[in-house]
Structures are given as C-alpha cells and as structure tokens.
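Input: structures, listed below.
Shared between the two complexes below is chain A, which has chain B as its partner in the first and chain C in the second.
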Partner chain A sequence: MASSGVQTSRLRFVRDLGLLLPAAALVLGPVGFLAWMGLGGGIGDLVVRTHDLGILPTVGRVFLLAAATTLMAAIMGVPLAWLMVRSDLPGRRLIRWLAPLPLAIPPYIGALVYQIVCAPSGSLNAILTWSLDLPPDSRIVSIYGIPGAAWVLSLFCFPYIFLLVAGALERMNPSLEEAARAAGMSRWTVFSRVTLPMLRPAIGGGGLMVFLYAWADFGVVSLLRVRTITTMVFDYVQGTMDWTIPAGLSVFLTLITTAVLAVQLRFLGRGRYTQVSSASRPIGPVPLGRWRIPAMLFGVLVLLCSLGMPLGVLAFRASRLSVSAASAFLSQQSSFIGNSVWTAASGATVASVLALVIGWLQARHRIGRGVSAMFQVGYAIPGTVLGLGMVGFFHAALPWLYGSPIVLILGYLVLFVTPAIQGTGAALAQISPSLEEAARGLGRGPLATFREVTFPLVRPGLVAAWVLVFMLCMRELAATLILRPPGFDTLPVRIWIHTMDVGPVPTAALLALVLVAIVAVPWLALVTFDRAAYGVGAAQRTPVTSSSGHLAAESPRAAADAQPEGAHAVPYRS
Partner chain B sequence: MIHTIRNIRVVLAILIGLTLTLAALEALAKDLVVYSGRKEELIRPAIQAAERALGVKVTLFTAGAGELARRIELERTNPKGDVFIGTTAGFAELLRAKGLLDTFASPVLNEIPREFRSPDNSWVPITARVRVLMVNTNLVKPPDTPKSYFDLTAPRWKGKVTVASMGERTTVGWLAAIMAARGEEFAKKYVADLKANGLKVLKNNTEVRKAVSGAEYAIGITNHYYYLLQLQDEAKSPIGIVYPDQGPTDMGTPVFSITAAVIKGARNADAARSLLEFFLTPDGNRLLVEGEFEIPLLLGLHLPGAEKGIKALGQFRRPALTQVQLAELEPKVERLFGGAMTP
Partner chain C sequence: MPSRIVLENVTKRYRADLRPAVEALSLQVEPAEILALLGPSGCGKTTALRVIMGFEAPDSGCVRIGERVVADAHHAVPPERRDVGMVFQDYALFPHLTVGEIVAFGLRRLCAQERRPAAPRTLRVCELEGLADRYPHELSGGQKQRVALARALAPGYPIVLLDEPLASLDADLRGQLGHELRRLLKKSGRTAVLVTHDQAEALQIADRVGVLRDGRLEQIGTPEEIYHTPATRFVATFVGEADFLPGVVQADGVHTEIGVLPGGHSFRGHTHVDVLVRPEHVGVAADPAGQALVTERRFRGAGILYEVRLRSGRRVRSDQPSTHNLPAGTRVSLQATPARVVAFAALPSEASG
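Our next item is the complex of A and B:
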C-alpha cells in the first residue's frame, strides 16, 4: 500500500514536471531570449538608444486607444445585449445570430475596409465632396489616428462584451428587478441601480478582453497610422538587423502588459459579490414603446458598420475580378489556404486537449494552476513580440524544430491555450469529483471513467473551445508574420503582403472573404446548433470567448468572476 | 480490447500525419529558397522565368530586408535560405562584413559601372532605382515645385511632405547620401528641421505614393518606380516626378542598386548561382527591370517609363558615392535617425 503511494506520487511528479517544464520553456524561453538580446548592452545603452522614440508618450497613446476602444465596445455591446434579451425589439432572434459574427472578421481586415471607405482619399470623402459641392480634395473624414483606430477595433471586438452580457442577462434572477419596480423605481433607475451593478462582472470580463486586444494590437494600428510599441518593434524588425531596440521594447511591452493584466484582474476580482443564482425564470419582455424605432436604428447601425458594410465592400472589391481570374487566383493560393487550415486545426486540437488536461488538473491539483498561470503570461505577450522571441529561442534551443510549421503551431499554443482552458476548465470545474468517484466505485478504471463520464460532460465545452481557438489561429497575423518558415505563408500573411505591396487590391479582398468564410462557418454552426446538439447544459459550459488575433488575456479569476453570469459566450438559448 | 484498437488507430493517425509533414518539409528543402525584400507580385515574372529556364522550383520568402538579414544571421550555422535579394547594398554589406555571403563573379558584371559593384564580389547589383520627389500636381503648381530636398524645410511645405519609415531601407540610404555629401551635423539639422516642419513618416513607400496621389500630402520623398506604379494603377493620377538637386553645384540625387547574393553555406548553392547568372542574362534582367520598373544597369536594355519622364543613368546628376560608401553610413543613419524615422 505504502509503496504504491510512493509510486503514485513519483508518477505524479513526473507528470507535473512533464507539463510544467514545456509550458515554462515555451513561454519564458522567448521572453528570456529577448531580455538577453535587449539588455546585452546594458540597460543604459537601451535607454539612450530608445530616447528619440518617445516611448512614454507612446505608452500613454496606446493606453488611451485601448480605453477608448473598450468604452466604445461597451456602448455597442451592453445595450445590444439588453435589447436582445430583455426588450420586445423586433428581430431579436436575428441579433442573437448576427451580433457574434463580427468576431469572424479579423480587425485588420476591418481596418482595410474602413481605409477604403473613410481614408482622406476614400469613397466617403468623394461622396461628401460631390454631394455638398465642396472644392475637390476637401477631406472631411479621416479614419487615421486614435479615434478611427478605436472605432474600428471596437466594431470588431464588441461581441466579447455582447456575448458575456447577454449570457449574464439570461441567467440573471429577475426577482430583484421586479422587486425594485414594485418599490416604485423607474425603469431607468432599475437598470442603472439594479441591473447594471449585477452586470458588472460580465462587462468587466468582456471589457478586459477588448482592452487587452486593443492594447497589443498590431494590424489595425499599423494600417490606421497609430504609432504604438508593436508598430515600432515591427518597423525595427523589418528595417534593421538590430536586436537591442526591438528586443528591449518587446520586453518592456510584455512587462507593462503583464502589469496591466494583474492590476485589472485585481480590480475585477472585487466584483465577485454579484454572483447570482442561476435558477432564473423567464420574465416578459420590457416594452420599448416610443424607444422602439431608435433602438432598432441602433441595432441596425451597429450590425451594418461591423458586418454588412465590411462584407459588402470586400465583396464589391472582389467582384472586379472575373470568375475565371478569381478561380485561377484561388487555386494558385490554395496551398496557403491549406497551410492556414491545417495549422489552425492542429493548434486548436492540441490547445483543446492540453486545456482539458490542464483544466482537469487545475480543479484538483496546484500544478494545474501553475501551468495555467504560465499560459496566461503567454496570452499576455503581444504576437509581434512572441514571434520575434520564438524565432530566436527556437533557433538557439530547438534547432531541429526551427524552420518547420510546428513552430507556428507552438506559437498558437502559447497565445491561445488560455482561451481553451477557459472553456474546458469551466466545464470541468462543474463536474463533481463524486461523479468520477462513483464511476471508479462501480469498477471503471481511470481511463474508462474519463471516457465514459468526464469526457461526455466536457465535450460541449471542448467543441466550443476548439472552434474558438481555430478562429483565433486562423486570424493570427502578428506572430505568424515573423514565425512563418520560408514557403509556408498563411492566409493572413498573404493578405498582409498583398496589401502592403500594392494596397487593398481585389485579390486581397477575395482572400479576406475566403478567410472570413472559413472562420465564420464553424462559428455560425456553433452559435446555431450547439444548444440543440448538446442539450440545455451546454450554455453553462462553453467558454468565455477570449480575445483574438495576437493577444488578449484573461485569468481563471476573471473567468470565475464572469462564469456564473456570463460564461456562456458562444451559444445561447434559441 | 475495442478501446485498445481505437487507441492504436489514433497513434497510427498521428504517426502518418507526422511522416507526411516531415516528407513535405524534406521536399521543401530541395527548393531554391529566395529571401526577397522585393515586392512579390513584381518580381514574380522574373522568378517564374528562372524556374522554367533552370528547371528548379523556387520558394519565395518575402519580408522586410532587415528581417531577412536578421534571419540569415540567426541561421548562420544551418542556413535555410539560398539567395538574398535586398533593396539597397546596406544589408548585403552588413552580411558580407559578418562573413555570411558567398562570393559570386561573372564577366557580365564588367558592363556595370564600378560604383555599383561589390569590391570583392560578395553580392551583385541587379537593377537600380533613383530617389525622387513625387508631387501632387493639383496641390503643387509648376512655379512652386521644389527643386531640392533642402527646399522641403521651408514654411511653405509645412505639414505637406511625407516619407516612408526606415523600415524601407531606401529611406536610410537617402539620408546616408545627404550625410556623405554634407556631413553629419548638417544631416542632423536637416532631419530635425524636416520633423519640425511636420514631415509625416508613413509605414512604407506604397503608402507614400497613395497619400500623394490621393492629395493627403503634396510631396512624397520616394523612389522613382512608385511614380510608374501609380500611373499603372491609375493612368490619370495627378502626379509629377522631380529629380531634385540637379544644379551644377548641387549634390544630385542618389541611386541605389538592388543587390542579390548567395548565402554562405546555402543548401542549394549551385542553383543559387544559376539564379544569379540568370538575373544577369539579358532576358532575366529585362524581366526584373520591366517587372519592377527599375533602371537597368546592364547595357542595351530598354528603360521603363522613359516616355513618362524617367531618366536613364547619366541623364541626371547623382552624388559621387559608391554603393559601398552609402552602405557604410547606413548603420550610423539608423542609429541617429531611427527614432525620427519611425512611423
């Protein structure tokens, strides 16, 4: 008995190390490499050489951008969620289906579209100049700068907030609000004094994702001419052989991102008191009355700007290609499409399985939390930085992997295991260990127990996590640009190269449409069929959608906060 | 039992997947890998012709020239690329100094003026481009057209001038030419004055050409072929081209050679040499020149855009500087002006 105990703990030790060491190497290796390269000449050298770059004003500017994006995303996401769940707005079911979809459009593609339309020489200015009879080359609107970038980022990130808030609203026990109404409060007072405070964790959780996405964004700010640390790093990576400045800036950026994350999580952590009972009963929709028309206009406007217009513009651009030219181009690009799909699918599969293991351990052993924390740091590393660090680190540490697409998949893991953990971990946390013990008691082995009890219960969460990570990998641009091996471009890289070389040409628009379609299909399927396919419980087990593209972060703490009310992100009751 | 079979199947599937991946990678290693800092669509005709002529498959890896040079340095012990194509001689010279390039000699090179060549044949100049001003003719009327880079610090042009960041190596080369001609202090003051006059630094030259043709900025400091690219995009664009500093005592405007080199230790060194040779044949060089609207360095080739005001080498004044002299100044320019020239 005693010896088997020793054996188990030894096995456990091996398993723990086997998980923790690779995770730590994957995350800390690249950052360590950058620190070594960046600080090689001493911190004084770095400070002198970055003096002209105006680092501190840049940090302030990025902070402003991220805050403005979060605010605008909340202004779009929260009312839309409330209208859909609580009001008698016509077309609510359509919103349920359409509002999560802007996530399928990578923000840098959104920026491309807004550049076509709202740049100083864009079509909107041409129309305004013509219709208002202004002198030619009058430039009324410009998408360039912080306001434009915040607008574009918020349009394609607001679904994070929308999904969490809608979920929270659906599970909220309405009796509090009813009591407040009965006590004579106006509808507005009820909303601002009762509903809104209860939504705080959901808004905070979604807001954090949006904030961190905007904070670490590369594609949108680069296209819309906002100078950020990520664009500076990329400019140095592209235009110089120097390591000191890009590596030093990268380490600096990683440090503040981690700090921002820690501060925000602490702040969010206080929201825990608002957990509510999930035993809600349906209440009648709130009649909108004379607000019906403005509310409809609001919904239509948000969806038009974030979905209808971008897809329309892309389709219009792509339609300039003849069918034969388009198909010839696509068949020429098919290997890149294939590259994207298989690396994204592999990334999503490995991330989901890894997340399942980590999530399972997390609920039961401390080591799970350690590994999970490691991946959260990875999640907080901007893609540009991770790419640069991984290239150097892999070349030094794992030369036989360097230059193979596996590096790309490992990069996706570092960036996106955390969102996957959110999904599967939340699901696993809800499975009582007593269920597994019962199965063991009935004579099932550990594997059989996993297969017959645990796995079926987490499957919905696993599927949702897979779809989410697949989407994030398919969209990833910043890290992929630097990490891709020769001859192994992905769709976002092709779109980027086409755009950088010659501007938003029809072929780039066509590729962007292909990318959106590949991402949107599983995403739509999940939104539409998940509940029917996996039963009523599914909603509680699916992930808090996490951020996309290059980076965003969230922690089990944020997840725990958001979980009771808002965890249900992807699918909902239909 | 059933479970065991299922497990075996999973393991088999994974093994097959891995084998296929490795096989694909192995196949990739046989391709000639070209690290190219050029615009992919524009260099593709020449690359495809080379594939046909040489019977090799070329994998084009397009990225910023700096990123490519960084990779070559990183991959020193196990090179993944065979050929490096840069946008100025700057990175080729840096790589040469670090011992990362193989020499390549060809009798054809004697046709090319010595100032464009590598003294020890570490790289070859394949084509050239010239620094110019691109002006929006709606915003700048002929009598006002600036004649010199140094006119652009005048109050009249405040907030109206744009240039690509030093992510574009030709921006670094241009400042290197000014520093060589006028000295370091002058160059520092010039850049500071330009910035004080509202010089807008954009991400790359494509953005510069679009911003000027779209009337966002009146003047772009860029390379001559962006003028031709814009006219190809929209033939009626309101743009003009100016060769600055052409007076008898002026410095002239710098010319940069596009450089190609064989990477030291290249896995396909022979094919790499064949590609460089192909680039120097009349047919191969013509495709490079015409595809990218460049200035030919070899004799007897047609100059693209001659009918649109593009001048051949010798028809305009250029500083008496070799490509190597420019390249040697580039690191200093990068250090001094990197901050100012970041978008």
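Our next item is the complex of A and C:
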C-alpha cells in the first residue's frame, strides 16, 4: 500500500502467480484431463459413441426436468415472497423464518421422503385409493420419473427464488409504486407494469440458480430413476474403466452449463435496475381481502410439503426402530458421521482461509480476480464432473495424494470456495480502505492493522462463510461418491447407497435425520445469532452479509453470478 | 513540539500515460501553522496529503517532516513510522470499537503512565466527555468529526492532516464546525494541513492557503492575499466571485469602461490588461442617463446580486445590501472601488470578461 516501484510489482507478480498456479491446477487440471480423455479419440468418434447412448433424448429429458423445476419453484417462491413482504397475510413473520429452511434439507433426502410418501403401499396411495374407492393395490401416484423429480427439486430449491425476490421487494423504493399509483394506475397495473419488471433480475437470477441446480443434480435423479447425463456418467464410472464416454459426457455437460451461465451473466448484466433505498419508509401492506384464506392455504401447503412433512415423515419412519436398535445402528455408523464432519470442517476451514486471502486481495488490490474467476469455473462444474475429473487428474498427476481424503477436501475447496469468497468479499468490500489507513497512521504495521482492524470487522462474515461451506460440504453427494477413497464413506454417501440398495428403510431415515440435524443446527445458530445481533444494534457496527443472504445467493452451484446487483452487497435481512 | 513540513519538487504520477497528479510541488508549512490546500476535485490536493502521510510515495522530490526526510525518490518511511495524525474524509472510525477505544488506538507506543491520562485528556480537549462508551454509529456527524480529530491528536504527533474534514457534514453545520475545528487545532498547537475544495472553509480555517490546479501550486499566501491579490485568473475565479474588465494602463491608472482604477503600475504604459472586479467592489446607482442596464437581480437575503450589462455588452456583477432595491431593467451608473486593483495581461483572444 505504502510504496510502489519495481520491487513491489515484482513481488506482486510472484504472489499472483503463487496464487494463480495452484488454483489453475486445481480447477483446470481436472477439466483439462476430462477434455483430453473425452476428445482424445477425435470429436467424430465421441459424437458417434454418445449418439449411440441416446444423448439427445437425455439432454431433452434433463432440459425438461430443469425447466419444470424452475417453473414450479417460481410458482412457489414468487407469490410467497410477495405475500410475506407486501401483504397483510397473518403469520408473515413465520414465513420469513420458515421459508428459507428447506434449503437445509438436501434434495436427495427430500427424494427419500417422497419415496416413502408415494410408495405403492405408502400412505398417500393408501389414502387416495381408499377415498376414491379403488382396489387397494392400484398405484395412483408415483414419485419416479420427471414429474416427481421436478416436484422434489422445486420444493427444496424454491427458497433461492423466494429469498432473492423477497430481498428485491424489500429494497424496492416504495416511492416508485406510489408514483405509479399517483399516475392513475390501479393496484394490479402497478404490480404488472412496475413491480414485476423491477423484480425481473431477482426472478431471473433465482430461476437460473434453480435451473442450474436441477440441470446438474445427481442425488435426486438417481434416487428417482431419471436417466440424466450425470447418472450416465456415474454408471460408466462404476461399470467400466473406459474414460472416453464419461469424460466426453462431462465435457458436454460442462459446456452447456457454461453456456447457461454466460446467458445468465448477459441477462443480469442488462437487468441492473434494483433500486436500493437506504432509509425508505415502510410501505403499508396490501390488504388481501377475500384472497386471505386461499393465500394462507397456499403458504401452509408449500411449507408443509417442503419442511413440515419431510421432517415428520423422517421422524415417523425412524421411530419404527427401537431405541436400542437405533443407537446400535448409529454407533455402527458413527465412523461415517465422523468422516463427514471432519472432511466438511476441513473443507470449510481451508475454503474460508483461502476466501479471506482472495477476498482481501480482490477488495484492496483489484487483483486476485483471476483466481476468483478460476474458482468460479469450479463452482459452475457439476459435482459429478468435477469428481470424475479430479480422480483422473490426481491419479495421473499426484498419485501419492490419490486415494486419501485430502483429495475429497480439495474437491470441496474447488466446489465451494466461491460462495466463501463472495461472503467474505462482501464483508471486506464494506470495510473502507481508509479504516486500514487510519490504523497505519496510528502506528500499526500491515500485520497489526489486519489483526486489529480488518480481521475483527470481517470475522462475522468469515464465520457465516464457514458455516455455509460446512453445510454445503456436509450435504455434498455427487462429487463425494466419485472422489472418496475406497471404504471412506460419508453420511450422504451412506444414505444414498442405503436407499439405492434397499429403499427408504427406517435406518436410512434415521441417517437422514442425523444429516439434517448436523446441517441445520449450525445454520439455525448462525441465523439466530445474526438476528439477535441486529436486535442490539451490534450488527450495525459489524456490517456483514447475513447468513440467509449467503444462502440465498450462493448455495447452488453456479449461482456465482446469479444475484442481481446488490444481492450480497446489500444483504437480505430477515 | 510542532514540526515544520517541507515538500521539495514533489511529483507523483499514478500511471505513466497520465499527467502527474502532483507536479513539482514545493511548499513549506511552518510549526503550528494551519495550511489549507484548496482546489477543484482532481487538482492533486488529496494526493499531496497522502504523500505527506506516506500512503503514496513520490516519484521524485523529497518530503521532510521536522529534520527528517520521510520520503524521496528512493525510499519512503511507512505511514506508521511518520508520527503524523490524519483525519479522513469519511472519518474512518473503527466500527467495532467505542469512542474511548478509538481515541486510545494510537496510544500503544506510549508507556502506561502517559497512556492512561492521554485519552481522557484528548476527549476533554475535543469536548467529547461522556461519549467514551458510544459506538461510532451512535454519534452525530459533528461528533464523529471530533472523534476523528481526537484520534489524530491523541498520540501527540506534531502534525495533523485533514482530508476534507467538513465535506460529509450538512451545510449549516459546516460553518459552525469549521470555526470550532480551527479553535481545537489552535488549542492543540499542532502543525496542520487541511485539504478542501470549499474556498469558504479554507479561508475561514487556515492561516495560509495554497491553491492547486492540475497538480501545480498556483499561489500560496494568507487568506487575505489569496482573496485580494490573486496571482492568476484561476485563483481569482476559484476563490470568490470575479469579473474581468478590459482596460489600458495609463499614467494615472487603468482606464476601463467603468472609470479609471488606480494601479496597474507593474505594467508598462498602454498595455492592455484585464482588471479583476469583485461584486462587492462595484457600486450601482439608478441613473436615467447611465450607460449600463440591470439585467438580472438575485435576492440572497443579506444582499442582492445585480448583473449589469455595460454599453460594450460585457457583464459585471454587483453585490449590494438587500435594502438597496433596483428592479431589473433599471438604467444605472457604476462605480468601482476596489481595495487593490489586480490586473492580468489581456488574453490574446478577446474572450475574457
């Protein structure tokens, strides 16, 4: 900061290179490996072989699934957000609390739950056959297939849209709507001509996050027997040692994801019209009138399907086990739980520390952007692909590392450092450089300045980032399945294998409950702490992104650039 | 305790392809003096301050504080070892510390015996008693400004730098706090350099004012010198309101359209010059036979600013007490009574005035 010159610029170059090279190796290594393997036999060969596999119908199927998921998530998320922010719906505060919570339930656990509910002999079919007076063994509802998968994915992804739209609604300057009313528009015209267009970036951003999540999903589609590109890749990895087809498919998947991301960037690049009004007056809620009861039913139904019922079903299913059987089973599984916790904690720690360094360089020196862009590529790659690429790459490049849990932690790092960078970056961006300069002027060197000023200010954001990455690592399934060393199972892997092999048995439900608890508890603690902090005004002196804001913006893969302007700079505060 | 600050030929450029932010700047701030660096945004005044503070290193030239060279083209003492206090434009109060802790932040190097009374003493000097347990977000703008000043004063550094210290305050607070700032700085007896784009602020607070333009020092002097005898047209127009009237230097003074003004002796006879006329030095009187016409009348509360068109078509402004009321369109005669006549060589083109 103080002096420039030849020496420092050379130092900077070395530092940049020192950061960039490992990052490039971690991200581009696996991708490059896959490209090399997949395209090694020439593009024509690959096209023929993948065509024989039915690649085109598969792409169509996945596209349909992702589109249906996005549509359903928007139908759930947008009205719920509007009802919470703008209407006089009773229980709005409860929605504010509950609606983000489905994010804490991994969608594949949702799939497990709906397998239980919609099983041929399950309760839903039993009720339906009984009420419709049909023969007892006729199956009316099946969760398997595209509609079921879209239903499950949308239920556990809609909070992304909900949070972004609610945030945009809260930041929207009420004067705009008042001006429209003053210009003689009716309430409905105001909504369709003013409010909705202003929400477009939020809806678009959230929608693309959901779309990409569904597009790259492995857990739900594998459990619900939808054949997608990710399951094709996985089947090949399991079955053969032939790299060409899975690698080729992976390259294909990555290309399409990148294309969607590029569209998303353009879309959002143009759509920057979120009005941020700092001290806006609270706007009077819109009276719902006779729509009150339907609106309440809608809210209750969405939250019941995405939150209440999954937890209830899991608990009920697990309660089939006797206490002694349950504890015996859990102690038998405790090593896997331990594996999950320590790899997730290590991944979160490494990612947070790296994010702090990159975030600081980004905020203060406008460099480190290359590194951050590099990791965004990692964030955009589907977990299945990254897992496969890393296995191949490490097997070839660093065989002594391959087969140790360190590869798993590195995989988590590549996958999830981006949300951590965004979290700490947002916190750092709010720390004015003059604060650090003031400390320098008062006799502190660069290190003391960091310790006494920068770090205390960024700490809440760092904690939030850690918790977020911990959650994401804890629930990671697709990459873990491929990356884990032989015999090294994590909780999601156990749940998945269990359910794939023997169906949604009580022990799987019990494990799922444990996973949900481990994921949800730190997050709830963080959210609660955050809110408590806002209550006493402490958060105003430590301006950081609230945890729900992180979740909103950053959880799914490739959400990196999904938020409209200010979605993390101006945190969604619930 | 206060030290002298000397800048010798300091040049700083941020990018090779841009003109220097500060070019060959030389100035000297005497012990216990308050110097204001005044100029429009982008004139390099903040860069000059950051060079003194040590946040930027000069490309050439040398900065001395007291007897010590703190920066030249080859080495720069880092800011934490310069013993210079600074008040930032946004105040940069640490949001995670209380007022007491913020003020005590710079006291680490003092021994415990000196440290204990230092913070309360500074709080008292800056009239912040009772606020020691507040956090920055619980303070008003004026209080924040005083905390920022107290933090810069507390370590007892001989020099305080202030970057636009009043810019983030409301306009009505600014005048009052400017006066207070001067009083506190004088009370503390430090050498101070203040950067501002507001001429009223500079004239009010500083002992001397340096006017910067495009990285170069146009003039440095007391507020009176700057206002009454500006060295360049830029200084004349940037500080106060100014009109220029063409004239010719004769033995008895400068002959202009509104009469003969005494002065212009530094020019040779018959030289064409432009004379600086400030509105408060132009008297207007209703005169049906007058050659000038009131074209615009701006009521400003305490006074009325008239814009008057001369026969030649040139415009001159006149500041009159608000009781002296002439409607627009009145024929008037003018009388100029400048305290000191300042004339500049006429511009080659006839674009002046």
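Heads up, the rule we're going with is that the second predicted complex is superposed on the first by the 511 of 574 C-alpha atoms of A that agree within 3 Å, B and C clash if a C-alpha of one lies under 4 Å from a C-alpha of the other, contacts with A are read in each partner's own complex, and residues count from 1 in each chain.
The rule is short, and it goes like this: a contact is a pair of C-beta atoms (placed from the backbone, for glycine too) under 8 Å apart; a residue touches a chain by one contact, two chains touch by 3 or more.
This is a predicted model, so every value here is computed, not measured.
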**Message:** Applying the document's definition of touch, where does A:147 land relative to chain B and chain C: first, second, both, or neither?
**Reply:** neither
**Asked** After lining up the shared chain so the two structures overlap, which partner does A:236 touch, if you call chain B first and chain C second: first, second, both or neither?
**Response** first
**Prompt:** Which of the two partners, first being chain B and second being chain C, lies in contact with A:174: first, second, both, or neither?
**Reply:** neither
**Item:** Partner chain in contact with A:79 - chain B first, chain C second, else both or neither
**Value:** neither
**Prompt:** Thinking of the overlay built on chain A, is A:227 touched by chain B (first), by chain C (second), by both, or by neither?
**Reply:** first
**Asked** Now for A:442: first (chain B), second (chain C), both, or neither, which partner does it touch?
**Response** second
**Prompt:** Who does A:370 touch here: chain B (first), chain C (second), both, or neither?
**Reply:** neither
**Which partner, chain B or chain C, touches more chain A residues** = B
**Message:** In the overlaid three-chain picture, which partner chain does A:41 touch, first (chain B) or second (chain C), both, or neither?
**Reply:** neither
**Asked** In the superposed arrangement, which partner chain does A:451 touch: chain B (first), chain C (second), both, or neither?
**Response** first
**Request:** Mind sorting out which residues of chain A both chain B and chain C touch, each in its own complex?
**Result:** none
**Request:** State the interface residues of chain A toward chain C in the complex, per the touch definition above.
**Result:** 1-5, 432, 434-435, 437-445, 452-453, 456-457, 537, 540-543
**Asked** Considering the complex alone, what residue numbers of chain C touch chain A?
**Response** 53-55, 57, 75-76, 78-82, 84-86, 88-90, 92, 94-96, 105-106, 108-109, 135-137, 151-152, 155
**Message:** Could you list, by residue number, the parts of chain A that touch chain B in their complex?
**Reply:** 49-54, 119-121, 136-137, 139, 222, 225, 227, 231-232, 234-243, 245, 391-392, 395, 399, 402-406, 447-448, 451, 481-482, 485-488, 497-498, 500-503
**Message:** Touching residues of chain B toward chain A in the complex: what are they?
**Reply:** 3, 21, 25, 28, 31, 33, 35, 39-42, 59-67, 69-71, 73-75, 77-78, 80-81, 91, 94, 138-139, 165-169, 172, 202-204, 206, 210-211, 213-216, 229, 233, 334-335, 338-340, 342-343
